[in-house]
Amino acid sequence: MVKLAEWRGKELFRKYGMSLPRGRVVRSADEAKAVTESGEVPLPCVVKAQVLAGGRGKGGAVRFASTPAEAAEAARAILDMEFKGEKVKELLLEEKLAIGRELYVALTLDRSARLPLLMASPQGGVEIETVPDDQIVRIWVHPFAGLSGWQKRRVIKFLGLTGGPAKTMDTLLEQLWRTFHLEDGELAEINPLAIVGDRIVALDAKVIIEDDASFRHPEYADIRDDRTPLEEIAREEGIAFVQLDGNIGVIANGAGLTMATLDALQQFGGRPGVFLDLGGTDDPAKVTQAFLLMAKARPAAVFLNVFGGVTRCDTVAKGLVEAMKQVPANERFPLIARIRGNNETEGIAILREAGVISMRELEESAKAAVAAGNGGAR
Amino acid sequence: MVKLAEWRGKELFRKYGMSLPRGRVVRSADEAKAVTESGEVPLPCVVKAQVLAGGRGKGGAVRFASTPAEAAEAARAILDMEFKGEKVKELLLEEKLAIGRELYVALTLDRSARLPLLMASPQGGVEIETVPDDQIVRIWVHPFAGLSGWQKRRVIKFLGLTGGPAKTMDTLLEQLWRTFHLEDGELAEINPLAIVGDRIVALDAKVIIEDDASFRHPEYADIRDDRTPLEEIAREEGIAFVQLDGNIGVIANGAGLTMATLDALQQFGGRPGVFLDLGGTDDPAKVTQAFLLMAKARPAAVFLNVFGGVTRCDTVAKGLVEAMKQVPANERFPLIARIRGNNETEGIAILREAGVISMRELEESAKAAVAAGNGGAR
Amino acid sequence: MSVLVDAETRVLVQGITGHQGTVHTVQMQKFGTQVVAGATPGKGGTTVEGVPVFDSVAEAVQKTRANATCIFVPAPYAKDAFFEAADAGIKLAVIVTEHIPFHDMLAMYHYGQLRGARIIGPNCPGIASPGKAKVGIIPNVVFHPGRVGVISRSGTLTYEIVSGIKDVGLGQSTCMGLGGDPVVGTSFVDALPYFEKDPETDILVLVGEIGGTAEEEAAEYLRHNFTKPVIAYIAGRSAPPGKRMGHAGAIIARGRGTAQSKREALESAGAQVANFPYEIPTLVKERLAAGPAR
Amino acid sequence: MSVLVDAETRVLVQGITGHQGTVHTVQMQKFGTQVVAGATPGKGGTTVEGVPVFDSVAEAVQKTRANATCIFVPAPYAKDAFFEAADAGIKLAVIVTEHIPFHDMLAMYHYGQLRGARIIGPNCPGIASPGKAKVGIIPNVVFHPGRVGVISRSGTLTYEIVSGIKDVGLGQSTCMGLGGDPVVGTSFVDALPYFEKDPETDILVLVGEIGGTAEEEAAEYLRHNFTKPVIAYIAGRSAPPGKRMGHAGAIIARGRGTAQSKREALESAGAQVANFPYEIPTLVKERLAAGPAR
């Protein structure tokens, strides 16, 4: 999931011809002063933190300025912030427009329909979850047909637009569709979309590019998502690794089995702290790597729950034993194992030799993991 | 049917990234000299008449030049030609390349399959009609899928390409498809397509843009097709009008009825000289206009064969009577009429009043028209 | 029973507020067709000849249960109009509009396949079953209820032939004008099975013309899958060889596509081929008198 | 009879020359599947584990009458591989490849609809019917022929459950792993009719997980169209509320998509929902002992 900062989303919209406020990304108060002095960003202007979390307005991460000095001041204030845990590094300065109405429009995937879904509402500028269902129009777009004229007309009518704004909206919807469809969008959302005279202007841009399509988008290779440092390392090594609030580490293979394991731990009073999905690997080195990463997360105990299908049990056991040798003394943790499936006997034997007992039942082993987690100190 | 001259077709290919010989369009011998002297067109070069008819090489409309003086000389010689009835106004000067093999590739519509059809042959540079069927590969391209990888691989294998040329061909096929698909192509043909080292270069370009799509292509508004002056006027007035070799004029409505009328005339020994399809008009002024145009073609006799469906018989009769008043004495012609269908009685009455007899049977009336045509002098 | 349209057909007219749309709405009504709705964006709430007009097809279908559409909208908007109808669940679309780019028609045809929506046309006279319903523009005067089926790629020529059938005292079961465009939604081969199955059709008139290979393919179908007698006619045998599609077109056709090849194909498949359109009614009559078997 | 695959299934492996392709070709063979061909561009003429490899799917189909394909090719080429199979007339494609962009899957799914080609997956374990055929990567060891049907969005978890069914002395009719990607070729609702119709399936195990609304839709289907008993399980009830699709996603889901909503939907449709995967085999056994009626 590649979440684009507002300015990147807007650059993408601009590529498809969308009308946007005049603006500029800056990274310092001096720059903010310079671009407003030069008139590149007309005054009065808006100074916005380029962070991914929502609620910037309420959180003081959006300010207004009428002079270059005020722009510099606002920039300085926002750059000093840490917004919902994220350091502000970039600001977007944009002309302040005389806004009429505020609308909402978004394209995303409807998994059930297996079609892109266009949604629009006359109630923009608020959280869309709070808007009543009957105030949102839904249009399913067939990828082979594209966004049809009738679909655009229906949205425009629902939004109550006529004349100039209706024409502009027709164009904008096509641009939004092209952005979503051609750029591998997972989400292309504009909230608010403002009517400014006859123009319709995207005041914000929330664009998410599908992670799986990244092979088509080297231009986003530099984007670090909101991952923790360990998650980032895991990502680079191709391991699915997620940090949660608890203290028990979980290593499983496959999303479903991983979730079922977390469910069981929680059911018996445990708090999963990190989980790691081995997927379908059959390379012991990768298993070792995963274990060492898990050790770095300093879990109170680790519950290994693997079913050998594509992955063989002996592969996992070998990788685990190798990892245990490499884990520094201060990073060691109690290990509860449950391995079953392909080459189960060999795997269990390898583990036993290394002093690890593999239990057969999920209930029994989950309870043991919870006990170990509660007993162990961080 | 908008037939593009070679250089226009190549411009379109270039828009989609295709590799082409370096070249330049010129309209005089001086220009030919200048562009070769300046090195804009490298020497030796090819000088090609920009006409729509085929067989330019054999007909002397393609020449070679090794010096600017030779280029000027070749240009002068070709610009003096009238090639298969077409005055040569433009030349394309292109670098002469060291050609390896010559291939054939084309995209067109397969009406029966209702799919675009990609055809390719290792036997390029000759008339494709003379190439045996088993030397042509056929690939049907679904518009919703686009040109798939497997389809390109199959073409490349059939052409016997490997290594560099295979890679280039993969790209070129995609470009050809995009040209055809996105530019409303009726035909996009390259013959010959030459292998020049690792490059693959379109030495010729035959692109036809669909006439019905002209509302999307104002850029071709200036192109006059190979129409006669009267056909050109008819086109501007929105009348389907075609000149043939004979002396009987035919006015009918609908393509099928027009053809059936021509068939009948020929069957009974007549030679249709011009035909005019009124289509589904119900505007007497348009009928008048059509008749006046027909008069300008100076037919020996005119056979009017109309079935009133959408068009009403009285509309046609009124338009015709009005036209007869306007036709100058020296352009008058014997008229044989057959009108049937909607408002037949009224139509026949109007004609009778103007001295024109409407016959009921096709055979009888066609024979009368043939007799009138043979009797009348041009 | 008839072919594709019947007394249950509820027609929507897209582009009803245009001149052609209005004129033919009246004609369809006079034919006895249930014209239940019109659709023209921005004209919702008005009426045309007593027919309520809606802004969108979806609304028209919801309010009037329209199940077929007759499209008159200009060529640049025809694709969109058909997509709207198909998306609204309409399964039969007669497209009268001419000059639709064939690239648009390719998208329309294949989208129709996806949605299960059949197109007749474009640039066609449409379909009519006397005494039941008409969707399109075939003149009402040519019809009389009967047992002769007609499929044709021509317009006016078809009217004349259909009219001639009436003049010899016979009538038509269903008449379908497919249009002669390069890409049509319904070809002879698509249409033939309906006539084969239709218990109200005893004999079929097939009117073709030069260009393409639709008649040759129809002949293949007739040979193997069609049991009723067929009288055919091919217009254009005097036309100079068509070069419309240039060289590449010639390799597709490979000698087919001429009046001669079509005629031979149809005759070898057991059809009787007329020399002139005016012979057809008599041939039909004689063939019917000779008995039902082919 | 079984579901979608049987003894007549002739499997093509696309990407057979890759590591995964080769490994699972052997496993499918050991299962008793007829693996008749492989396809890898440029590797035509070679063999892998005794299976002839072709440059193209068309050639493979022509020479071996392959009628199903198992796709292992890397994500960037998966769409093309499926188009090739669909164009060659193959009607069942199991796509094992993971990380296929959903925009590609949208095109693949709808193209499959046009061509009448069913996709299972992507990122899925595939389908297997013990004693008949397997297309995919579900481990052979978990199977035993029997009368329990299994459909699942999970991979490994399914293996464990299927294995458990064997451990309690039962066996499976057909097991289908649909994959958990945002866009799948075959959903629960698509798969259920096959199990309803399959005379070899007495009871169905349905394994879902959080995210999307496929289980809620399955529940609707079960309520109205399914007569056999169903034991279900939903993984992920401890997971923090998924925000994968952001705000817009939340409006699509509108409170559905959680483990709780899925569980309630399934229970209200008459399914018995297990708390833990290891309970399933016992519940199946008990339910079967209670008699066939739902």
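Chains here go by letter, A, B, C and D, matching the order in which they are written, and residues are numbered from 1 within each.
Basically, a residue touches a chain if its C-beta (ideal position, glycine included) is under 8 Å from a C-beta of that chain, and two chains touch if they have at least 3 such contacts.
On a predicted model such as this, the values are computed, not experimentally measured, just so you know.
Set against one another, A-C and A-D show the most C-beta pairs in contact at A-D. Summarising the inter-chain layout, the chain whose CA centre lies farthest from the centre of subunit D is B. If you average the CA atoms of subunit A and of subunit C, the two centres end up 54 Å from each other. Between subunit A and subunit D, the centres computed from C-alpha atoms are 28 Å apart. Centre-to-centre separation between subunit A and subunit B, using Cα means, comes to 56 Å. Work out the mean CA point of subunit C and of subunit D, and you get 44 Å between them. Among the residues of subunit A, those in touch with two or more other chains are 142, 144. Of all residues in subunit D, those that touch two or more other chains are 107, 110, 114.
The part of subunit D that touches subunit B in the complex is made up of residues 41, 55-58, 77, 80, 83-84, 87, 107, 110-111, 114. Listed in rising order, the residues of subunit C touching subunit B in the complex are 75-76, 99-104, 106-107, 109-110, 125, 137-139, 141-142, 152-160, 163, 180, 182-183, 187, 207, 209-210, 212-214, 217, 233, 235-240, 244-252, 254, 275-278. Residues 1, 54, 106-112, 114-117, 119, 127-129, 131, 133, 136, 142-144, 181, 184, 186-187, 189, 191, 206, 208, 210, 212-213, 215-216, 244, 252-257, 259-260, 262-267, 272, 280, 306-311, 340-342, 361-363 of subunit A touch subunit D in their complex. Of all the residues in subunit C, the ones that touch subunit D in their complex are 110, 113-114. Taken in their complex, subunit A has these residues touching subunit C: 142, 144-145, 148-150, 153-154, 157.
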